[in-house]
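Letters A, B, C, D and E mark the chains as written, and numbering starts fresh at 1 in each.
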Amino acid sequence: MLKLQNVHTYYGAIQALNDVSVEVNKGEIVTLIGANGAGKTTLLMTVCGSPRASSGTVTFLDEDITQKDTHTIMQRGIAISPEGRRVFPDLTVAENLKMGGFFLKRDEIEAGLNHVYTLFPRLKERANQRAGTMSGGEQQMLAIGRALMTKPQLLLLDEPTLGLAPLIIAQIFDIIRTIREEGVTVFLVEQNANKALQVADRGYVLETGKVVLADTGANLLLNDEVRKAYLGA
Amino acid sequence: MSEILPQLTQQLFNGLSLGAIYALIAIGYTMVYGIIGMINFAHGEIYMIGAYVGLVTLSAIGVGSGLPLVVIILIMLIVAVLVTGVYGYAIEKVAYAPLRGGPRLVPLISAIGMSIFLQNWVAIGQGARDMAVPALVTGSFQFQMGSDFVVTAPYSRIMIIVVTVLMMIALSLFIKYSRVGRASRACSQDLRMANLLGIDTNRIISFTFIIGAMLAAVGGVLIALAIGKLNPFIGFIVGIKAFTAAVLGGIGSIPGAMLGGVLLGLAETFAAAYISSQYKDIVAFGLLVFILLFRPTGLLGKPEVEKV
Amino acid sequence: ADTIKIGIPQPMTGPATQYGDQIQAGALTAIEAINEAGGVKGMKLEPLLIDDGCEPKQAVPAANRVINEGAKFAVAHACSGTTVPAVNVYEQEGIVAITPGATSPLVTDTIKPHFFFRTIGRDDQQGPFAAKYIINTLKPKTVAILHDKQTYGSGVATQVRDNLSKDGVNVALFEGINVGDSDYSAVITKLKSLDPDLIYFGGYHAELGLLLRQAREQGLQTQFMGPEGVANKDLVAIAGPAVEGLLVTLPADFTKLPGNEKVLENFKKANRSPDGAFTLTAYAAVQILVDSINAVGQDPEKVADYMHSNTFNTAIGKVEYDAKGDLKEFEFAVYKWDKEGKLEQLKL
Amino acid sequence: MSEVLLEVSGLTMRFGGLLAVDHVEFNVKSDEVFAIIGPNGAGKTTVFNCVGGFYKPTTGNIVMDGKPIQGLPSHKVAQHGLVRTFQNVRLFKSLTVLENLLVAQHTHIETGLVQGLLKTPSFRRSELEAQKRAAEWLDFMGIREYANREAGNLAYGHQRRLEIARCMITQPRLLMLDEPAAGLNPQEKRDLQQLIDLLRKEFGVAVLLIEHDMSLVMGVSDRILVMEHGKPITTGLPEDVRTDPRVIKAYLGEE
Amino acid sequence: MGNNIKNALIAAVMAGVIIAPVFGLQIVRSGMQTHLKPEWNMILSGMAIVFIFQMIRPVFGRVFKSSGKKRSMPVLTEPMRRGLIFLLIALALVWPFTTGRAQVDIATLVLIYVMLGLGLNIVVGFAGLLDLGFVGFYAVGAYTYALLYHWAGWGFWEALPFAGGMSALFGFLLGFPVLRLRGDYLAIVTLGFGEIIRLMLINLYTLTGGPDGISGIPKPTVFGFPMARRAPEGVTTFHELVGWNYDTQDVIIYLYLMALCLALITLFVSNRVIRMPIGRAWEALREDEIACRSLGLNPTRIKLSAFTMGAMFAGFGGAFFAARQGLVNPESFTFIESALILAIVVLGGMGSQVGVILAAIILTVVPEIAREFAEYRMLIFGLVMVLMMMWRPQGLLPVKRPQVELKA
């Protein structure tokens, strides 16, 4: 479904991705783990075309999207819950969610809202609070909810559990499983490698902009190097 | 004195009509600021160009063409709006778009440069002298108040107030309910995130500039008709006043622009009336400072919350 | 050098362009006529046209430019606002300059220049003259005075006010308005309730045009009056029919001066119009410079000395200077506008 | 027994209709690590903001070392020896690591204009001392090698460390950490735990901690306050809190 | 290719729409009527130029792209920066003795703008406070000297510290209430203050001479001896003292050297101050006010110090301006002047002193050169401002921030 081939990405003169090739198949949960600054976020954003890959190709559903504008790419059925949450601070929670469903019809929006509200009851409670004043964790929920609103085929999650309470973290992983059941493909970046690899079908390990390991989630969990570096064993 | 009340009424009308002008232009500032956080100093010049286009159109039609007045004014408005729309679009593409993402003050300077450029562009093309605009809309609404004071409301000014209010309502509804309007709200919060939701932010920005320019052009044409004098430099002062109005009302807020404009118009008028014309701008700016001291984000601006 | 350069820094842009045009017309016609007649001591005059925009902040650069281009003589600056700062430069540098337009007393009063002269009267002649006319002929009970807060406008307005007050006329309002504003309705409403018998405006035509138009729009029919800075064709365009009845003080019409037939012929030859209040004053300025150079040569110091101590026969009649370069005599007249925008001189 | 350093009582913070913090009471002793945990939106950060002077509490008393500090502006609070880190790291990104630490010493060093312009000896001395202190802290945090890099370019974990160093260099009595482990990997979390221990032992500073990572919280805290919906549910020792059914239900979930 | 032609066509049509009402259809007045004088070739040639430009642009684009990945600005290193400063100073020193009057005169103007630019740089570049009313403090400085001279007969040297002090005081008093405003709200309030100061100067006629301003302000003396053609009774002028012939060139060079001294002092101070604790605090505050507060730094105090210091330099600049000009009036202190100074700072590359100097040179010299083009002067100036920003959005000479290095 999503395929990155030999992708290089730069920020000005800094190279953040170096010859990265990654594949995500339909219906999978794929996770990407790596230390701080390894380039995980950059990889997700390169898929979104912001920044663009300076060489290599990104294909989504057999279409080359490497040079496409961000908005075009996102309209193809990709959604992201970005690093730093990026909720619209002055809009209410409900408005934020509706923005997620920008391209949907009115009744679809209603349905989407209900769906998100059942996943995150707290958001329903606070439907009219300005998003900027929500607590860190609440904003994280909102960011995920907003991404779900777009009814994506491929969902990109950048550290979705950051700042969430243990109970909610467990819920988030449940949700990831659920939406996979609903047919959404998930590409997940996590610090919480343990949990991430548990839900993931496959995983990639990124080190300073390079893919150094790729295997099934279960295998990676058993891999010694991974255990040492990312699982704290 | 029995004349206090009628005089007050007249001044109130004067202030409202001046405020309406400021408001109409302030919207353009507010919208552009709201979306890309930039003070578009060239906006006043668009207003000036709108006025010139109106005059050119009028001259093309000819004052004595026999067409009904309404039709003439409509044609002037339409042509002016179309032309300035192109101006707004082109300016954004040429002078601002390449600078996006850079340091924040760079577009501000570019806009000041653009403003100087446009003033002189018109000064060279149409001459730097005052141009007179024939008085198309003559006559006024009058009524006697008090012993011998006749309150006079020229139709040309009533027209400005009415049009401003209508535009404001239309625009507010548009922003609230149309797709483009909603997209522009998202853009004004977080351009990059809006983009990540699939919204074509470049188009929204262009659109914002076009709408802003069009509103300014409407202002330009109506005011040219009411005032009757044009020169390439009229945009600058009005631009600064309108910008002040936008800030006063809370920059980014469309009703705020309206409120700020009217307040500023009233403040200036009453200062001129009851203090002295000499002090009217001091009063206007003083009011701005005073209000911002108590409401640091303007009258209708949402207080900035930064959650730490 | 084989030419004598004469700087002509004048408004070529901005609302005062009309006046710059008149001055250029006058100066150029004079220069061409003199060159045709063989120049000055065998040398041709070379005009240097420089724009000062009638903006005070462009005055010093424009004056510097005159100097940097190597001119030692100038027909300098129409507006008082530009002339006042520029005088310092000419005085410092020893450039002989004559203004054919600036009427403010400040031009010569503040530094009492040695090198700077006028071919036009002062506002402390024009103001009292206007005041006298107002008192003797219009006999108003109350007068309102507005001005544009600029050197010239506020200066002449102050003169009028002081002279009126001295003679017991009630000046009910004395207030400045902003140049460049387009809406004066607040102050007009104020005038409406004050209901004076006369409104005097000190300033230029652009503002007066709007004041007139907006006054009539609000139904204020009071008589307006202004100084020579408002007398301009553009005024008619801006104010439209509202201009009817406006009174202005202007230099007398020098085209009717006996002995000017030759001058008028030169204008005809050059295909320029001799009309306008400042055309012939500019013409005269060139004449005076040329006469002096003919007499004592090109040293500015000597030229200035010569000018202070001699009389000249010019297009504006006989000219004689006092110690600070002001005319010993100059005459203003009162004119009235009609509906078409024509001026008619009034008998006093 | 060590004495009480910070005493918070009856703290209430209301945002419009929302009672974000509701009669919270706790105290922190001068050498303990005190943690606040609770579900998202429970009001933990808001407690920090009230204590630190970033919000003005609706009601309540905050006493630091015997002096009331509620309602003081945040920079005054900081001068009482109470400093904090933020839920999202807030470094001076385009300043270097060293400069971040120099800025933090602003209130302690020679800042006279004239002295600085003339580079008087006392000024030089004060600058050098400040640099020396900074160097010591960088060594202590193990980020000395990045001293001359722009802070914004550091890896996230290092940024967290720098933020803590920046607090410590102000010589605080109480260090408030808001989710310091967020975004760190397991290895880094363990380093952090050791660091907190060390700070308390070596520098005698009390720590007030908000954190969602239970292994860290249970590992370093002496006492824990659990909040839910702005209200305190319980305060107690880690073991007690961990097994408290209310806490499990509201926050921890079944493991 | 087809797409390309289409785009070029659209652009050409738009160009037509833009040109037509301004150049293509000129309004001509005859009596009370106006009619239009069409200039079709104007419109058509404009459209043609745009069309051709759009057609060849992609080619250009390719050329540019192939040369270098991303045009990243060369950043000045510390030794290069010092070298450049010394070079500039050396050039400044020989300048008056090797060029003509006009050049020295312009250079003096440049130096005034350097002073103002460096002053505003403290406020905007270092402390990150957008000040659109800087010209107000410039005016206060100029009028302080002018008024002290006019009412009390003070000379330049006595008045100079007062001018700086007065401006600083204004900066302090005005800054106090408003510095808690954020970003652009601060900008508009400062703009308002600038205007209020100017309007007060116009209105306080009896004190300030209103629109006429104050004239006849003396130039700085040389150790008490005036540099003038004629001196008042009983005073020896400088040229009499040293037995030279009076030559205006001398005066101009003297003024230039004065300006150079003042500019160098400004440069020195602003260069020092950014390496001092207060300078670091400014930068820290620009980056993150909340973090600053959490560390015990008082934001208002720190901002005020930047605002006040910037204002003080504006005051010095103003006093010098008054002396050079011999005359002050409110016209010299309009908003556009503030905008120009701000443009110098931004074009220089915020916070970069060498950049500010270069930008001051460019933005002062361009309009002077453009005088050749008469009415196109300001058109060119505006265009240069826009193009400069596009060409160098990071500023002419972005420098690496001066950093305290921790040595091993």
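Criterion: a residue touches a chain if its C-beta (ideal position, glycine included) is under 8 Å from a C-beta of that chain, and two chains touch if they have at least 3 such contacts.
Since this is a predicted model, take the numbers as computed values, not measurements.
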Number of hops, chain A to chain C, where each hop joins two touching chains: 2
Two chains sharing the most contacts, counting C-beta pairs only: B-E
Chain with minimal offset from the mean of all protein Cα atoms: E
Chain of greatest Cα-centre distance to chain D: C
Centroid-based (C-alpha) most distant chain relative to chain E: A
Geometric centre distance via CA averages, chain D-chain A, whole Å: 30
Centre distance in Å when chain B and chain D are each reduced to the mean of their C-alpha atoms: 49
Centre-of-Cα separation between chain C and chain B, whole angstrom: 37
Chain centre separation in whole Å, for chain E relative to chain B (CA means): 29
Multi-partner residues of chain D (each touching 2 or more other chains): 45, 54, 86-87, 90
Touching two or more other chains - residue numbers and ranges from chain A: 133-134
Set of chain E residues in contact with two or more other chains: 29, 32, 202-203, 290, 375
Complex contact set, residues of chain B against chain A: 179, 182-183, 185-186, 189-190, 192-201, 302, 305, 307
Chain D to chain E touching residues, read off their complex: 52-54, 73-76, 78-79, 83-84, 86, 90-96, 98-100, 102-104, 106-107, 109-111, 113, 116-117, 119, 127, 131, 134-135, 138, 144, 147-148, 166-167, 170
Of chain A, residues touching chain B in the complex: 48, 50, 69-71, 74-75, 79-80, 82, 86, 88-91, 95, 98-100, 102-103, 130, 132-134, 146, 150
Contact footprint of chain C on chain B as seen in their complex: 3, 7, 10-11, 14-15, 17-18, 21, 123, 127-132, 134-135, 140, 142, 149-150, 152, 154, 223, 227-229, 231, 233-234, 237-238, 268-270, 272-273, 276-278, 280-281
For the chain C and chain B complex, residues of the former touching the latter: 13-15, 17-18, 146, 149, 175-178, 180-187, 189-190, 192-193, 206, 209-210, 213-214, 217-219, 234, 237-238, 240
